[in-house]
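Note that subunit A is present in both complexes that follow, paired respectively with subunit B and with subunit C.
Right after this comes the complex of A and B.
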């Protein structure tokens, strides 16, 4: 067990340092800061909800930076390591394929965590500064706890996507194919709740729609609804209407989903030809 | 030679860009159709609020442009934009302000559409009394339904931050709309919960006025029950249904009986 942890942490360190070496984080942080600065010019359009618009913008920039990291750096790191055969160098050591998968995941997740944390701190200070500049009617409430909860939710969501990328890398060959499948997966996750809602409204009148509704519910298990981890609206609410049970269950479900997907990825990697 | 050509191209580019800027302002402004709500929800994903903010900015820029097209040309597209913004980000209060100012005055149908937006907003933003005020104002001013407006405004009194005058306005509109029982019960609730002594006295004075008017209302209903028609004037109620007509005339309310409805109206200012 101790040796397994050592192997996993070694691969994680390698992935982490490789990411730092490529200055991926630096590039994304600079991009995010530029976007955040440009957003200030648009706040003048809002007459009342300046606080809300600012918080939406800052958190969306963090989300976008995370997605760019996942779809470009993470996919490249995992898929290209196979294309360039650098994976053989790692696996020639006494490291199992599952340890390689977990180590790579932890390394990339650590980079993602540093990216989220640094952008989150910048966003937090930005919101505090904006709050001091405005009258209370324009920015009445800033729930720090819910702000941190939103960041955790975003981090967990992006870790799930990262796990899916690892799974697709185990299933497919080629970074471009993995990238396309990952993007398609993300869009399917966004679409299913919308279709479910539309079908739910029609289901009382159309009996045949029941099977389709159950099919969609089944698909929602494979393509989870990540909007359950979106707590942006609660940051500026006086009394946010969040139910503790729903929030905890969303986190627990997502964590379980992550573990299941990683387990499948480890299984695929251990069975496939490299 | 090449440097000279490059410099020439650069100057040409700058001058064309400046010319193009002037031409753009002559173009007619138009609010294009928006994508369906579902598509917005799918594409926007985690950034749905940001998408809503961007669509809001688009609408603000359009409404601020000159010359603005005729309102009938763009009102349907405008309403669709508001629906999309609400679907993506119902907590954005600026959207409600904008819909109230840009659409509610156009026609009764548009007022009803704005009220639908407000109703959804009231359900999502349970602590925002302003949405009740907007809806109530629309019902009173544009739709000419004071009783309905009174109910909407009174519903906002459950919100802690609602200003006191909103409840008072609700009773005034209830009286104007002939909803005397509702107005009286609201006044009694406000009197019971009020801590300010002067305000309590004002409520007590209004309660007396409403109770007098309610006596007449009961007598009218009694008259209708027996004669199957409403009386032509209040004097027909005396002496069979009322010993004497209560006097209601003063600074606060004037009694009015017209079109088979008893109302308490605010006296016209001299």
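Right after this comes the complex of A and C.
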């Protein structure tokens, strides 16, 4: 067990150092900071609800930076390591395929955490500054706890996408194919809750017990509803309507989904020829 | 140490094609402890496929592969030093970080790690550049770093795929000397190379592969002796060659007291080429 943890941490450290020095992170942080600063300067263009608009904008920048990191750096790191045969260098050590998957995931998630944390700190200070510049009527409340909760929610969402990228890398050969599938996955996850709601409202014949309804519910299990981890609205509300049980269950279910996807990725990697 | 018994390996066909590609067919050989085996063959012969099967990177289609007496498994890599044909590292690591990673994964005691890293980096001429990023290394330096990574944990079995690739003549000499030293220490070595001179010097046994089949396994001398010519050496110590039996017969009658027959062994390269040609003819 100790040796397994040592191997996983060695791979994680390798992935982390390689990513940090690739300056991908630095470039993303600089880009995101520029976008966040632009949000501060252009807040005057918002006619009303400046607090909500600013908060949404800043958290969206963090979300976008995370997605760019996942789709370009993470996909490259995992898929290209196989194309370039650098995976042989790692697996020529006494490291199992599962340990490689877990170590790579942890290394990339650590880089994502640094990205989120640094942008989150800047976003927090930006919101505080914006709040001081405005009258109370435009920006009454700033819930710091829910802001941190929103960042956790974003992080967990992106870790789920990272796990899916690892799964696709285990199934497919070629970084471009993995990239396309990952982007498609993300768009389907974003769209299914909307489709489900629209179907419920517009087609009166769809009821519980209908096969089509079950199909949509089944798809919703495979393509999770990321909006359940979106707590942006609660940051600026006086009395947020979040229910503790719903919030905790959203985190627990997402963590469970993450574990299941990673387990499948480990299984696929252990079965395939390199 | 390594045992292949009637191993087949087929690669799945590409999209739109029906046939599988047979990379290996009924390949059998073994490498005993303390032995060195040179695996040679033309491009596409199946050498790298054999190595990937030994390392557990892929599974065989038929037959059996055993390394240290059991099926290939990642836990065996603690005792294997593998030098791949293509050196590919995460390019943003420092050389010393790569070796620390290699040592950490093999659960080497901490006291031994730094001593071993220092020894191998110094031996391979990389000590002064240990803090440089691998992306700034030349091809030869990357090859040496890969070699250091294969040796840092003192493995029992070395699998070297084209170890001289990218090295200058001085570097090649040093690596040849290093491999000879490792042989003398009792390491088992599986050595793939296109440079037949190096194979001839460094191995006890030779395995010739062609189009996924074994053409020959045995010692270098057995390979070269298997088709030896007889030469007539005259009093002037010159070797004479004759275009016909009649010419030979006349010469021997005229110089009966002053000639001797010498068994002429093929050189290694000729023997290898002849063996491959014969296997194609079959």
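Throughout what follows, the second predicted complex is superposed on the first by the 264 of 274 C-alpha atoms of A that agree within 3 Å, B and C clash if a C-alpha of one lies under 4 Å from a C-alpha of the other, contacts with A are read in each partner's own complex, and residues count from 1 in each chain.
Heads up, the rule we're going with is that contacts are C-beta pairs under 8 Å (C-beta built on N, C-alpha and C of every residue); 3 or more make two chains touch, one makes a residue touch a chain.
Worth saying up front: this structure is predicted, and the values here are computed from it rather than measured.
When the two complexes are overlaid on subunit A, subunit B and subunit C sit side by side with no clash. By the touch criterion defined above, A:93 reaches subunit C but does not reach subunit B.
Shared-chain residue A:273: touches subunit C; no touch with subunit B.
By the touch criterion defined above, A:60 lies against subunit B but remains apart from subunit C after alignment on the C-alpha atoms of chain A. In the superposition on chain A, contact of A:225 is made with neither subunit B nor subunit C. Judged by the touch definition given at the top, the superposed model places A:191 against subunit B, while subunit C stays out of reach. The superposition-derived angle at subunit A (between subunit B and subunit C) is 160°, Cα centres, a multiple of 10.
Applying the stated contact rule after C-alpha superposition, one finds that A:52 touches subunit B and leaves subunit C untouched.
Superposition on chain A places subunit B within reach of subunit C only down to 33 Å, the least C-alpha distance between them. Shared interface residues of subunit A (contacting subunit B in one complex, subunit C in the other): none. The touching residues of subunit A, counted against subunit C in their complex, run 3, 6-7, 10, 13-15, 17-22, 81, 84-86, 88-89, 91-97, 273-274. Within the complex, the subunit C residues that touch subunit A are 52, 55, 57-59, 74-78, 80, 82, 84, 86-93, 97, 101-102, 104-107, 133, 146, 149-150. Residues of subunit A touching subunit B in their complex: 42, 45-49, 52-53, 56-57, 60, 63-64, 154, 157, 186-187, 189-191, 193-195, 198, 226-227, 230, 232-233, 236-239, 241.
Contact residues on subunit B toward subunit A in their complex (touch as defined above): 38, 41-50, 52-53, 56-57, 60-61, 89, 91-94, 97, 126-127.
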